[in-house]
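A, B, C and D are the chain letters, set down in written order, and residue numbers restart from 1 in every chain.
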Amino acid sequence: MNIRVAGPRSWSGPWVWGFAAAALVWLVILVISGQGGGQTVSLALSLAPYLVIVGLGQMLVVTAGPGNIDVSVASVISLAGFVSVAVASATGSAAVGVLAGIGAGVLVAAVSTVAILGLSVPPIIATLAAGLVASSITLSTANGFTAVPDAGLRAALNLRPAGVPVLALAIAVLTVLVAALLRRTVYGRSLVAVGQNRRAAERAGIPVARVVAMTYLLSGALAGLTGALLAAYIAPSADLGTRYLLDSVAVVVIGGTLISGGRAVPVGVWGAALFFILLDGLVNLVGWSTAAQNLLKGGLVLFVLFLAGGGDRSGGLASLFRRRPRPAAATPTTITTTITGDDTDG
Amino acid sequence: MHVDNLPAGGAAPPGTDTGPAGPPPVVTARGVTKAYGRTRALAGVDLAVRAGEVLGLVGHNGAGKSTLMRVLAGLEPCDTGTVLVHGRQASAGDFRTVRMAYQETSLCPDLTVAENMWVSSRHCLPRVRWRRAASDAVRRRLDEMFPGHGVSPRDRVEDLSLSRRQMVEIARACLVDRLDLLILDEPTESLGPDAARSLYAYVRRLTEAGTAVLLISHRIREVLSVADRVAVLRDGAVTAERPASGLTEPDVLGLMGAHVAAPPTFGAPTAAGTIARDTVAELLGATGPGLREVTLRVGKGEVVGLAGLAGQGQQEVLERLWRPVRRDTTVGVSRAYVPGDRQRSGVLPLWSVGDNLIVTALRGIARRGLRRPAEERAVVADWVKRLSIRGGAEAGITELSGGNQQKVIVARAFASPAGLVLLDDPFRGVDVHTKTDLYGLIRQEAAKGRSVVWYSSENAEMAHCDRVYVFRAGRVVAELTGEEISEERIIGVSFAEKGEDD
Amino acid sequence: MAQLLAPALPGRARMRRSAPAAVSTVALIVMIGVCSSLQPGVLTVEGLTLVLSATVPLVIAAQAQMTLMAVGDIDLGIGNFVGLVTVVSATLLVSSPLKGVLVLAGLVAAYAVLGLLIHLRQVPALIATLGASFVWLGLGLFLLPTPGGTTPGWLASFGAWQPAGLPAPLVPLVVVALLVYLLSARSALGVRMRGLGSNPVALRRAGLRPVASRVAAYATAGVLGVLSGLVLASQTGGGDVSSASSYTLMTVAAVILGGGSFAGGTAVPWGAAVGGVTLGLVSVVLSLLDVRSDMQSAVQGVIVLAVLAGRVVVGKVLR
Amino acid sequence: AGCGSGGSGDTADAADGTASGGSGGGKPFIALSNGFIGNGWRQTMIAKFEAAAQQAKSDGLIGKYKVVNAPGDNSATEQVAQIKSLLLQKPDALLIDPASPTALQPVIQQACNSGVKVVVFDSAIDAPCAHVLQNSFVDWATYAAKPLLEGIGGKGSVIVSRGVVGSQPEAEMLDTTKKILGDYPGVKTVATVTGMCDGATAQKAVLGVLSSVPKVDGVIGCGDGYGVAQAFATAGKPVPAVDFETNGRALSYWRDNKIDNGSVAVMSDPGQSVAALWEALDLLDGKDVPKQMTFPIVLIEQKDRDAWAAALKPDEYAAWPWTRELFRQQVEAVKSGGEPVRPPIPSAQG
């Protein structure tokens, strides 16, 4: 049972690949520039948290099972950026502003949730549509927007006593909280159950609709938080979140979370986020063209992905060469939608 | 093409000469072993199936029957030992004449019946216009095997009921230009009695034509009535092989595993007192898809059976009780559900036995949404012990055999504090020993004041109920209590007026 | 009797399954109706040509997406792949046609290899194609850092082709949908691909190699992606690797609108065509209606949701 | 007949008189197709156009106008579709801010063939039948580099933040930057990053290399200085000379932090859309306007900074206030090859 120490069960858990790749890129940077190794990590740690926050939300959504994905995060981030800055400057309180950003995220997620649960719209489409609505609101807010981000919040985000970004520490705590949420709470267990087999979870008495709704709202809230912080850190703009859509999905999966749902690895998100941030730094440092930059990014993602391999999709040549997992700690299977019979490997 | 040159009926030429040595073996296993991780599924099996015989294979859940079949069908290599086909060391191609109908149907749910035929029998279909050929072939075969099957080759498998899917699965195993050995792994678990009878009639015809048939079933009486020989598999090895004639059910049960407790008569159902009980759930004139004017009542501590032929509205009743959204249904207590289709609606495949077992009870144990691991562990340990679930709490659920998985799912429901437990034909494919344990469990829990509503396709099981509603065409056609509940009576009521209705 | 009571009757089930595509078709007809009431010119041959032509590459890309969704995968790289093809056809295909054709064939092969690796390494297609999309983008920028180039004459003349009495875009729309229908719904290969999406274990038990089905599906998607890119290049007259980046999500939406699902196992070529045209027409309607500029994307989102909500209503009625 | 939306009578008339512009009795119908609406520059561009067009409408210069933004993320394909449906509405003139400089070529040809006057702005385009109005990217790159390099005293180390790599303007700008850097042998380029002319991207890109480079004196960028400055703030380093955005936010930041080290704000002019409107009207009036015109870039030096900063909202970009009069002067200047017109800066406007 999952009362034992959860998360990655062995050092070769899928989450290590993100960290390994990040470490590799860091070494390359160090070799090329020959200086500032510690500062590189410190700066990467001050950028990574933003990606980690959305990544955690995306991870929860992906864990809810096949087909669950939140493509509205980009628009939510942009919208929450404006909302939080506007509210913060109206009330004079950065905290209220951040809360308002989170609230905006929750509202957009509520639209997706209604569409997903009430209208049975597939999540990718529901969140796409909710995102389109959100970006319209963003555009009309952006027209004639006058407020400026709170200076105190910005200073707090840039705080790095002894080179350790305070934000990174805070988000590390948030990551631990999310991990605890998944393991120690009824909601978390229900989410993981729903992700493995929605029908079985429903028959086991889990309120599936409530769990799914909660998950999208959480993702919206986390994207809203990202937007609020990013707007203070950078500046509110209509395309503040654009880059976070694909990256948030990528970090979740490189982080070892099962894309077919039912297994979440919150730590993994950090490894993958650091990998992405450091890779951007490396590419800019070497001055490669965008072409090389993209080739490298894609190539490395594919390399890490194919090297690490996935769950057992039972079949293919690979399964002949792979050792069977020890039954007591069997690595979870990638469950295809039809789970069939006797020879689905454990 | 040659799909239909399989001899049918009496017009078949006899098999090879049946001298005193008996017909030659079609497929032979010699010292076959197979291990999955630390689970030894097969521990040295020697078994020969001869042309023209029906070999019944029995054994408790997890004995290794399905694994052995996969090895005999050439689907999985064995670790040591050999499999001979027609006396020769078998290569991949030799297995073409060995066909298997799987325990869990292995059809593609999104494909039509005809397309599924192409998948498994493409070697005997023409390259062009195969769709037409496959449709004709499967229709003819189904007509032959299951008259009145109601399946069209153009139907998608996912739209078919469980029993029709099973018919298609069996028919597709038989659809081949040459068939030496047909393996049927628990074929009748989701078939109605009519279909089962037609199937066995067809099996007889096949064997007369010289095909060997290997039949796995937990319905010992069925095996005894159909098989020529019975082999008993116990813990991965064949422990007995006997001619079926002269064997009785207790004999076989004895061979399968030591002590068979006296026929299950735990806490004999009480006929009296049904009126006095408080009502915990009620349907009043429930009407809707699949249901017509159904009125039924469940009392506290009562075991209520839903009987009748498969698909007559019993599952709809369970559905109503599980999600009482309409006004004609009232349920006063919390509920738990035990699904019969464990692959689709039972197991949570990434989790261990313990995680699977506790998931329903979790909510009750937790305080303010936070889990309490120590309490959970205690509950899990208790149930693993109580039902002697093989592998223990830490084993992955998918490593367990079907029967043991089912135990976990039953335990899941009873480990929760639910006042009403709904059983949706949960004992399909569960061996006798396990069943006996679970029947006892149900009676014990009922005695503690829990109510149980139990749909079963096996009428004999209804003897464990306090009260039984017999369904036909979405209506309750009889309510039986106490002594009235008997297999004969249920069958009698289920089939009455049948000619009129159908 | 028992048959009448079975919860899912095959006939009714078939109707229920075709309902999504039917709803999208109705939405499409309504949209054309709205367009033509705002602008009567829409219903003329020239009007339809103008309105439909932009949807052709989208629909072909949607067919590629549909093919992969039929095996239970999803392609997040199709947009950049189509963009890359426009780049190749605006550069190599002009400078040395042979090399261009070889490179296009190589791209199809790359798709097949991607499918092979996805299968053998058992990685989620979603993330592998996401990674591949960066590669396609990189290759495109490498070949043509600046959008530009010119397409070969034959391609340009295909783009300008105007048959009499018939809107030209209908021809590729229907021909491609028909071919994909024949392949995915009628052929044995199609059965293998859908079987893979439906139940890979069954395929393996029947002695069919799932890997072959997956590779075939990816190769098909690659071919369709190349076709889509060529048609797009014929319309834009040049190459631009990011010209089709919106296709990635649009094609998914098109397949869903057409009744496809993420679960795999079903092929809906006609549905994908209808869904693609419907989505493509949304921008036309937006520009015909006087929607405030910052509200246009909201209107687009609401239209998509409305069509899908219509499906729910129809589904309820049919249940 | 005609389009159901407002002013349908005008449209029908205008359609008859397309070739001769407004002379057919109806006032012209001007359509603007914008390929992307996702950033402040484009929003300012649209806002300026809408204000000017509204004014022109009430002045009776035009009958009707319409703005269509391609939804989504800079998608040329969407824009092609929208232009095609705009053509169905038979505008007299079509203004285009393209998402991509090539993808629109066939559809522009189609528009010209059906007698519509096409003015493309903000980007060069290879369509012989269209009139093109744009800013000089050479000027932009020059203004971005020269004052900055002078400001740091012609020596030290700089980071070059490139724009949208792969685009035609960026190639031109990078060339110019390199050429200018060649004139300052004392200046060392320690890193070249891709900032995409976007503060947020540049911020991350610069932050990514900051730990690996020595002291930086300047960052030559393309309207991304605000983000670059943030990156230095995060790294705890003093803000070097940068090229700020021309929006209110960046200008206020520049002003409030008293950055006085050769920084400038320079970007292209979102008021081009208004200039394009006047060009279209002149074309419809049959006036002679050159096919290709280069309009002045917006350069804000320290002396003008406070005036601009006071006049702009945070996300609003500085735009030259083109009037029809100023436009004509600039056209003459282009024809004669003379000095470009210097439109007034806000403080002068009052």
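The working rule: contacts are C-beta pairs under 8 Å (C-beta built on N, C-alpha and C of every residue); 3 or more make two chains touch, one makes a residue touch a chain.
Nothing here was measured: the structure is a model prediction, and the numbers come from that model.
Q: Among the remaining chains, which ones contact both chain A and chain D?
A: C
Q: I need the common contact partners of chain A and chain B, sorted by label.
A: Both-contact set = C.
Q: Give the label of the chain whose average Cα location is farthest from that of chain C.
A: So the chain farthest away from chain C turns out to be B.
Q: Report which of A-C and B-C is connected by more C-beta pairs in contact.
A: Result of the comparison of A-C and B-C: A-C.
Q: Report the inter-chain centroid distance for chain A and chain C in whole angstrom, where each centroid is the mean of the CA atoms.
A: 28
Q: Where the CA atoms of chain B average out and where those of chain C average out, how many Å apart are those spots?
A: Their C-alpha centroids are separated by 43 Å.
Q: State, to the nearest whole Å, the distance from the C-alpha centre of chain C to the C-alpha centre of chain D.
A: 35
Q: If you average the CA atoms of chain B and of chain D, how far apart do the two points sit, in angstrom?
A: Each chain's C-alpha centroid was found; their separation is 72 Å.
Q: Give the residues of chain D touching no fewer than two other chains, as numbers and ranges.
A: Residues 37, 71, 73, 165-166 of chain D touch two or more partner chains.
Q: Two or more other chains touching the same residue: where does that happen in chain C?
A: Residues 141, 145, 198-199, 201-202, 263-265, 293-294, 296-297, 300 of chain C each touch two or more of the other chains.
Q: Where in chain A do residues touch two or more of the other chains?
A: Answer for chain A, listing residues that touch two or more other chains: 132, 135, 139, 143, 289-291, 293, 338, 340-341, 343-344.
Q: Kindly provide every pair of chains that touch.
A: Pairs flagged as touching, ordered by label: A-B, A-C, A-D, B-C, C-D.
Q: So in the complex, the part of chain D that touches chain A is made up of which residues?
A: It is residues 37-40, 43, 47, 71, 73, 165-166, 191-194, 198-201, 203-213, 226-227, 230, 233-236, 249, 252, 313-316 of chain D that touch chain A.
Q: Spell out the part of chain D that touches chain C in their complex, as residue ranges.
A: 1, 3-6, 34, 37, 46, 66-78, 80-82, 84-89, 100-107, 126, 165-168, 171
Q: Under the definition above, what is the set of chain C residues touching chain D in their complex?
A: It is residues 35, 37-42, 47, 50-51, 53-55, 57-58, 90, 141, 144-149, 156, 159-160, 232, 235-247, 280, 283-284, 286-290, 293-294, 296-297, 300 of chain C that touch chain D.
Q: Within their complex, state which residues of chain B touch chain A.
A: By the definition above, chain B touches chain A via 36-39, 66-67, 70, 75-76, 102-106, 108-109, 335-337, 339, 343-355, 358-360, 362-363, 366, 369-371, 373, 376-377, 380, 391, 393-396, 398-399, 402, 412, 416, 418.
Q: For the complex, give me every residue of chain A touching chain D.
A: Touch residues, chain A against chain D: 29, 32-33, 35-36, 39-40, 42-44, 46-47, 132, 135, 139, 142-148, 158, 160, 230, 233-240, 242-243, 277-278, 280-285, 287, 289-291, 293.
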